[in-house]
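Should a chain be cited, it is by its letter among A, B, C and D, assigned in written order, with residues numbered from 1 in that chain.
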Amino acid sequence: MIRVQQENFDIGAEIEGLRADRTDIGAIVSFTGTVRDTAKGATISTMTLEHYPGMTEKELERIEAEANERWSLQGSLIIHRYGPMKPGENIVLVVTASAHRQTAFEAAEFLMDFLKTNAPFWKKEEGKDGGEWVDARESDDVALKRWETAEKVAE
Amino acid sequence: MIRVQQENFDIGAEIEGLRADRTDIGAIVSFTGTVRDTAKGATISTMTLEHYPGMTEKELERIEAEANERWSLQGSLIIHRYGPMKPGENIVLVVTASAHRQTAFEAAEFLMDFLKTNAPFWKKEEGKDGGEWVDARESDDVALKRWETAEKVAE
Amino acid sequence: MSIKLLYFAWVREKTGLGEETVDLPGDVQTVSDLIAWLRSRGPEYVSAFEQSDVIRTALDQTHVSHDTAIANAREIAFFPPVTGG
Amino acid sequence: MSIKLLYFAWVREKTGLGEETVDLPGDVQTVSDLIAWLRSRGPEYVSAFEQSDVIRTALDQTHVSHDTAIANAREIAFFPPVTGG
């Protein structure tokens, strides 16, 4: 399941929703991305996320489908917010549920690595010296590369 | 922080407690291990976790300290339950908070890999054919090995 | 051929537009051709597409490279490398 | 030397005891010596320590190998490979 929304989300409620009444799950991994109050030494007062409505949903669905092809998951969830946010607030949530922990961990990392490099979101950080668009991190491209040769994980 | 307890825990509340009022966190990873209703094809009605009071706490503290030496974490938490549990219930929770996602993911996996092979807990699965102690999984020893050569991650 | 163009993040700020609908000249076949044509339209486009190699493109909401043929696309978006998550 | 012995999981079920305090003979120097001595104490110990290589040991709540000297340990625990998490 994927959701793109302006409002905040409740991590605990989302996890409980995904696992509700299931007894075949052995491992649940959640990743939450949050707004940090500093960037390159400068203090950030607001982080604004712009996105591409329509394409965002398509990309997140594609990435989620790809993860479910590669791994045997009992459930998966991606929520990504847009609009202005304050330091400490949630930006993104990824949850994966599987029979075994390695599967849940790998799938969550895969979802984040692909989301970081493919989902059409752009961050602008605002501080006392005005706003600045965040540069893409080279380490995110490196993180993506490790999945290129990865085979589907056996259960 | 570590806790060993019989009662259940609330994943969302634990995550919120760890991050409370912090604005220097960029990534929070949680791992929850839960009771599955089947093992080797047999249906499980109850899973009972025995542990070694005193040593359990020492081992979890040692493992958590080791993770905090290897990675720069803004926070970490391990909660492990003992006693009888039903399928679908929580067994263990690990939460890590860091500035960057790779750090939080790696530290959470490290904590789980070490906990799985070092923390003195033993699972007994009970079904209609009586109870059986769970065998240690070879894959857990393999998972542990990858940390042997791992250097401290640069920030 | 009439087509919808979308601009995001600093590409949007530099062009001064979120979106526009344009009629493409017949010799604009690929994304690269389109970028070259856009740059001929004024200084704000020159500025937005100055470093065209860092600009990412989506054709009908799918990531494509600059040598992709536009063909019958209905919308084309230009934006910097994404930075969500 | 008086020492507390603890047994967990199926080691506990096989010995029939969670813990006991014993006086060790002077020639019991290492964990291996202790296991050999325990096996001489009755069929329930023979059964519990039958495959002594799978038995894990903690000396004063720290994992140790079977060739470790007992020295002045106050408690020694025997258990199968752990299966928590």
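To be clear about the criterion, contacts are C-beta pairs under 8 Å (C-beta built on N, C-alpha and C of every residue); 3 or more make two chains touch, one makes a residue touch a chain.
Everything numeric here is computed off the predicted structure, so don't read it as measured data.
Chemist: Taking each chain's centre as the mean of its CA atoms, which one is most distant from chain B?
Modeler: Chain centre farthest from chain B's centre: C.
Chemist: From the mean C-alpha coordinate of chain A to that of chain C, what's the distance rounded to whole Å?
Modeler: Computed from C-alpha means, the inter-chain centre distance equals 27 Å.
Chemist: Let me have the rounded angstrom distance from the C-alpha centre of chain B over to the C-alpha centre of chain C, please.
Modeler: Those two chain centres are 48 Å apart.
Chemist: Using the average of all C-alpha atoms in each chain as its centre, how far is it in Å between chain A and chain B?
Modeler: 22
Chemist: List, in ascending order, every residue of chain B touching at least 2 other chains.
Modeler: Only 33, 101, 112 qualify.
Chemist: For chain C, jot down the residues that touch at least 2 other chains.
Modeler: 85
Chemist: Per the touch rule above, enumerate the chain pairs that touch, sorted by label.
Modeler: Pairs flagged as touching, ordered by label: A-B, A-C, B-D.
Chemist: Applying the document's contact rule, which stretches of chain A touch chain B when the two form their complex?
Modeler: It is residues 10-13, 15-16, 19, 21-38, 87-88, 99, 101-102, 104-105, 108-109, 112, 139, 143 of chain A that touch chain B.
Chemist: What part of chain A is in contact with chain C in the complex they form?
Modeler: Contacts found on chain A: 33, 49-52, 54-55, 58, 80, 91-92, 112, 115-124, 133-137.
Chemist: What residues on chain D touch chain B, complex-wise?
Modeler: 6, 8-10, 12, 58, 61-63, 77, 79-85
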